[in-house]
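Here it is, the structure in full.
Order of writing sets the labels: A, B, C and D. Residues in every chain begin at 1.
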Amino acid sequence: MTPQRYDLAITGGDVVLDGGEPTRVDIGVVDGRIATLTDQPIDADEQLDATGRIVLPGVVDEHFHVFRGYPWETYENATRAAAKGGVTTVVDMPLDQPTTVTAAALEDKLAAIEHACHVDYATFGGYLPEDPDEMTAMAAAGAGCFKLFTGGVAPPGMYPGVDDGQLLDALRRAAALGLTTTVHCENAGIVDFETARLQGEGRTDMAAWDDARPWFAEVAAAHTVALLAKVTGARVVIAHASSPQTVEMVAAMRRQGADVWSETCHHYLCSTKDDARKDGRLKWNPPTREADQVARLWELVKSGDVHAIGTDHAPLPNVAGADVWDQLPGAGNAVEIVLPVFATDAIHTHGLTFGRVAELMSATPAKLFGLYPRKGAIRIGSDADLVVVDPDGSKVLDAAELEYHQQEKWSPFHGRTLRVLPLHTVLRGRVIVRDGEVLGTPGDGVHLRPEPSTAAVPTPS
Amino acid sequence: MTPQRYDLAITGGDVVLDGGEPTRVDIGVVDGRIATLTDQPIDADEQLDATGRIVLPGVVDEHFHVFRGYPWETYENATRAAAKGGVTTVVDMPLDQPTTVTAAALEDKLAAIEHACHVDYATFGGYLPEDPDEMTAMAAAGAGCFKLFTGGVAPPGMYPGVDDGQLLDALRRAAALGLTTTVHCENAGIVDFETARLQGEGRTDMAAWDDARPWFAEVAAAHTVALLAKVTGARVVIAHASSPQTVEMVAAMRRQGADVWSETCHHYLCSTKDDARKDGRLKWNPPTREADQVARLWELVKSGDVHAIGTDHAPLPNVAGADVWDQLPGAGNAVEIVLPVFATDAIHTHGLTFGRVAELMSATPAKLFGLYPRKGAIRIGSDADLVVVDPDGSKVLDAAELEYHQQEKWSPFHGRTLRVLPLHTVLRGRVIVRDGEVLGTPGDGVHLRPEPSTAAVPTPS
Amino acid sequence: MTPQRYDLAITGGDVVLDGGEPTRVDIGVVDGRIATLTDQPIDADEQLDATGRIVLPGVVDEHFHVFRGYPWETYENATRAAAKGGVTTVVDMPLDQPTTVTAAALEDKLAAIEHACHVDYATFGGYLPEDPDEMTAMAAAGAGCFKLFTGGVAPPGMYPGVDDGQLLDALRRAAALGLTTTVHCENAGIVDFETARLQGEGRTDMAAWDDARPWFAEVAAAHTVALLAKVTGARVVIAHASSPQTVEMVAAMRRQGADVWSETCHHYLCSTKDDARKDGRLKWNPPTREADQVARLWELVKSGDVHAIGTDHAPLPNVAGADVWDQLPGAGNAVEIVLPVFATDAIHTHGLTFGRVAELMSATPAKLFGLYPRKGAIRIGSDADLVVVDPDGSKVLDAAELEYHQQEKWSPFHGRTLRVLPLHTVLRGRVIVRDGEVLGTPGDGVHLRPEPSTAAVPTPS
Amino acid sequence: MTPQRYDLAITGGDVVLDGGEPTRVDIGVVDGRIATLTDQPIDADEQLDATGRIVLPGVVDEHFHVFRGYPWETYENATRAAAKGGVTTVVDMPLDQPTTVTAAALEDKLAAIEHACHVDYATFGGYLPEDPDEMTAMAAAGAGCFKLFTGGVAPPGMYPGVDDGQLLDALRRAAALGLTTTVHCENAGIVDFETARLQGEGRTDMAAWDDARPWFAEVAAAHTVALLAKVTGARVVIAHASSPQTVEMVAAMRRQGADVWSETCHHYLCSTKDDARKDGRLKWNPPTREADQVARLWELVKSGDVHAIGTDHAPLPNVAGADVWDQLPGAGNAVEIVLPVFATDAIHTHGLTFGRVAELMSATPAKLFGLYPRKGAIRIGSDADLVVVDPDGSKVLDAAELEYHQQEKWSPFHGRTLRVLPLHTVLRGRVIVRDGEVLGTPGDGVHLRPEPSTAAVPTPS
């Protein structure tokens, strides 16, 4: 028997295997897939030394915006940022211009970005009230999931929201298609009323933004969504749950049989309303919450009631001179910093394990969106999507170093000391980032469809 | 000491005293109030023999429509029906023409009905989006409570619904005024979508009406209402909860601190969807439910999670030739039959006590709407509002004998054998019905305002 | 009609009627029973002016020891103390010499105390492992309820404890007899082990006593009791629950269908372990708890999860020179001070109402032990057992003024300022205490049996 | 680089990797440990073809009796049965003669069985009331865990039971030693009383045994155990939970912070009280339960509230002529049939996955007893303990083919059709059973101590 030759060997690292915690093992890659896990020597064309490092499955960002058609960001740039951040799969939102809520728009988009991406990508479709059958057509055209807004969208006019009847219709259709739906949950009536009220009071301070989008606006919307998930049997992800009350309500609805999941973002865990008050650009939908709420949200991460971390990567620009109401919301370049920012707090402050980090950022997102076990897991046969991190480093985040297209070099986390540092990123066996340097090129990434076989994958519990 | 002389003595009966069960005691009335409870002789100008009977506090109907300004019913007639049914207080809804959502409209209405009513009455105001300050003005003008619709109203155009922002505003205002708000809870988006969908399918059968207003439309709306009750501190009554799921959700929200209460109607307990299918007029908003749901609702009455019975007395006319979608909804003359219909099932089928019947129909409604202990209780100093019932009689309900103005003599419960039969009704010490014969006259009833002193009344738990 | 003449009128007071809160009403008594409640004049042979006072139903002490046969206290003296304290019924424990666990012993005791008591009394029987059928014989002889100890008794040898098999047997028998069982719940194995361990460590400080009887010893025993209550259908009162954890566990078991009730004592609410450490006689079984536990216990009183207050009146003597292990436990003369001590804190510190005080001290104990509505309620036909209190007085408790037989004049609450002060006590229409002066005589009190009719009394919920 | 040579390759199978579900992968073994997982060719000295088969981690039987010193069974024989049944590790109970509750007894036993076992083994110690410090000595001598009985043991006299004080002491000591304690939970008082009662009634039918050991005897004991686990911080396994009520109570106590776990046995899931009635040897402590209880227990397996399957392998002999009370209890040769019996029902009737089977039978037992990840997992570096099964075969269980020493060839599951069939067993890389034929020899198995490093292993949740 001639010795097996491998394309790539990742050696010396502590590897977070599927469902487990770091284990000293080497990884052999053949044809872009993980072929071997071993403590024996691997004879490979290329070596990636991970000694003293943690090897994680590549991050799957289940909530990622590029805003195609707006002049703010490019897929080349945004996915280059992803690669640098250890994110090897993005699930791309449909808030494009034109909006990606028809099969034609989706096909156009897929063609346009076919050679643009540094990392793999799946795509959201949406719901077109005038022609709901487009959902079926989008699924055929490659939509892997759907995105809905409960009522309003910010910035207004960007995307069609749904009322609760359309929500019911959309979830029935998604259930029939077997595809997951992510829903942005803020009760539009409450938010609009409070916004008008506070504007009427002359409020323009940063806290006014947060006050206009209270936790109960999120709970109210998310409860209706979870209830309709239960009624229709649809699988639903509650997008960017910012309030512990929302997560607790979702947990209660799950116990009642709803197939509903809580996603949160690193900025709801790693910053508070007090931080937001210091910077006029720190406005999100929903907003950051008070410190005690954030502490409760961490508890829910620990208890397992928060299921996934998405970035809500949203490269909206600074609007010069705009007040808090007119400024565009968004998290800036989140995809490049989500892993170090979240994992630093998770590991070094809150005592989470790297296994749990991988579950929140890779395995569960992959499972929720039909990409597992191809994505989200270090196991034989899976795509060799990996990120090698320094688990105990130290580096001050400098926004000027981040990838941006037309915008200012800005980050809500500028100046923060990071301890968990992504060093190398591997996409299907190719080292696309080595020591922070991007080696990959646009077009490395391919389009992903949810795989039918994954229907048999056990539900994350 | 000269012997005390009483205006009226009710003797020989088993009396449901405040907070208790039937006790053998006599009642002495002076100046319209209960002056004495005793097992000693009472020297009175007038005697009402209750031997072998149960004496209950007069029923307080907290959910009563006359639809002033529409040509369907008169206050004389409707309150005459109330008196015959043992109802001594009604809380009158504002779905009038013009709608009673301004102080001017309320003052006009109060003046118009001042000499019309056979029984006492309190009045609902509403919320006018264009001028919410009218709530304060209505409270000053005598509104005892407020009525809101979550979104849509049927028949459409009859009354202004609120969106969730207005709901928040209205509940904040009601909390500041210290007044109770009743909310009709059906998610308008869901109901409208399902209605259009079923109409699109050509459905015109009776069940289509019920299918278009599923239980989860009620739960979705009621959850938002309960959540905003919690946030604002307002006391809220969930109107005519038809689904056990709604009542259970309300119970859970109460445990979380919301001051929210579940009202149901006799027709959700004493008839089922199967009954409704037999008669094209048997449509309600919300509709009757399946038999197993009704059974669960009875369990919740027994457990104490249902707090009050309202009638939703709604004398809407038969629309000749109308299909299920165009027919006007409504319970017909409910105020005259609510006591015998509900108590017959409650006592003879479900094993409830007369004490519990009085709590559901008199004490708790009075407490919820600020009328207790003047109303809703047999205790010293309370208004001598009483109904004497035969606890174990037998009489077939004949719709032709019921009080109606212009409409057909119709009842959903026509032909039903009643076992608990109201015989005599006493209003502030006056026997206004004796042996089923109305002795009172229009104008006997007076307008009631919630009393400030009742703030100290212990909350029903 | 000649004017009715009454034996006694209690006039001018705010009366806590059955199930309600203080109401301005006068009470007329005929033949020892409440004949009339009225706001009209009462023509009576004797007047008791209650102007400015609160009139409560006489306290029913469901947990009262005299220890007949021991040289410590007499029934004359102990019930005289009860009368002075506003307690009109005591339920007397069977820890006598000989123990009252046979019909013969009960008959002997009943004959002996027939002319001794100032207030009415019911009597506990017990369980004799050698002849369990004595339970049936005791019920026939007049036992109104049964008392069990889970394992050990302190002082040891005083009374037969039961193991869990005997507990099962006893509860099955009590259920068949329809009588309530009170169980002292401390896990004997745990308490004995910890006692031996701490004695082995040479501990003799006051806290050692408390440490040897930890909260989980109570929870462990009470859980088994509650579980067997559920299995047998017996009604069980958890005696003197000292730990909030016990009360919470009982509440959970009630929701699972066990007919089990939480009694606590004023000393678990009105003193803490810190108080106990200051006085070598302040030892109880179970012991007082830490201040934060006491605060939680008050919360459970407010929430309704604590159902009744018993005194555990236990006039055990000071044993000169005894250390903490040999000193006799007991609450001293609790029956004379339970009302002012508990009500002072309840009303003036914790915001409870007089209605709730009456529920905890009179109505619920009477219901639990089959004495309601004869006892525990101010309503027509009930025994005219009343206590008139000054709701907002001030008096320093002086142990020297308390009734004691052979013992030192001692009280755990000596020196405490009382705000709710019992002034007059009425037993079946006789004023047995007026302005603190005892007017009654031994033999005023009669023996009470649970009344069959009370089976229909609604269960306190 | 010269090609790596492996000692053994298991090829072609679907492998249940640690924490996952069957995946097509090959396994390379070096020096008894899993060295490689791969889909590439493996060059090995020995091949084990698993094509079409499922490869599971070897079963870890956490509840295994041989009864050393009794004349019933030998370690050679019992562990030979284990090997045939796919069990590669047993945790051996201390119910020996003399009892293994001292370090001396443990050392003697370990020396005696050093060359006897076909599979690896860890050993339980116990609690000696007369000298509790022996727990520490036993831990030093190699005890990996402790076994306690709540009160009584059957057969009586076999082993010292503990009272609740000793239980508290033992759990405190186990917590300090960092070792797990398994507790047999049946309330001795209840069982003894019911036994005497039923014997007194002349009952000798099979159901009498079950009736004497009701579900609430288990719940009562297990609650105290769980409460003391919480108080002491000890990790406790509730042995052979037979009642769903027990498992539900344990789940509730876990939510309150107790480190307590529910073990059940295949016979509580795969047979019912009706089965037991048909065969006089089918008596267990605790007994099998009614069919509806068994159905609820399966639900709790599915929900994750049952954590582990033990066998309670207990080769007690048939006592000729004994009635139900005198017959020896026990499950016969359970270790040889637990995997096919449980997995047949789990996979083919109840829809569990092989991943869940491995979790219940291998991973969680290994974690609970400090043996993970050396045992219980197919991952790099773990011992190559494997069982290859036919997932969809068919074979009728013939008791005559089972391993037994002196006893009759008997099984409760004789005649049952098995669908999941163990074919080959691998112990640390040695094929000790191939196609059902035992190739291993006594002494293949080694003694296991819990590894300190496993303290860092994440707790099963």
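Simple rule for what comes next: contacts are C-beta pairs under 8 Å (C-beta built on N, C-alpha and C of every residue); 3 or more make two chains touch, one makes a residue touch a chain.
Treat the numbers as computed from the prediction; the structure is a model and nothing was measured.
Enquirer: Tell me which of B-C and A-B has more C-beta pairs in contact.
Expert: The greater number of contacts lies at B-C.
Enquirer: Would you mind pulling out the distance in Å between where the CA atoms of chain B average out and where those of chain D do?
Expert: For chain B versus chain D, the centre distance works out to 63 Å.
Enquirer: Can you work out the whole-Å distance between the CA centroids of chain B and chain C?
Expert: Measuring from centre to centre gives 43 Å for this pair.
Enquirer: I'd like to verify one number: the distance from the centre of chain A to the centre of chain B, where each centre is the average of its C-alpha atoms, in whole angstrom.
Expert: Chain A and chain B have C-alpha centres separated by 51 Å.
Enquirer: Where does chain B touch two or more other chains at once, residue-wise?
Expert: In chain B, nothing touches at least two other chains.
Enquirer: Report the topology of the inter-chain touch graph, choosing from line, ring, star, complete and other.
Expert: The chain contacts form a single closed ring, each chain touching exactly two others.
Enquirer: For chain A, which residues count as touching chain D in their complex?
Expert: The touching residues are 1-4, 6, 17-21, 23-25, 28, 30, 33, 35-41, 43, 304, 353, 355, 373, 379-381, 457-458, 461.
Enquirer: Write out the stretch or stretches of chain C touching chain D in their complex.
Expert: The contact residues of chain C facing chain D are 163-169, 187-194, 196-197, 214, 216, 219-220, 223-224, 227-228, 230-231.
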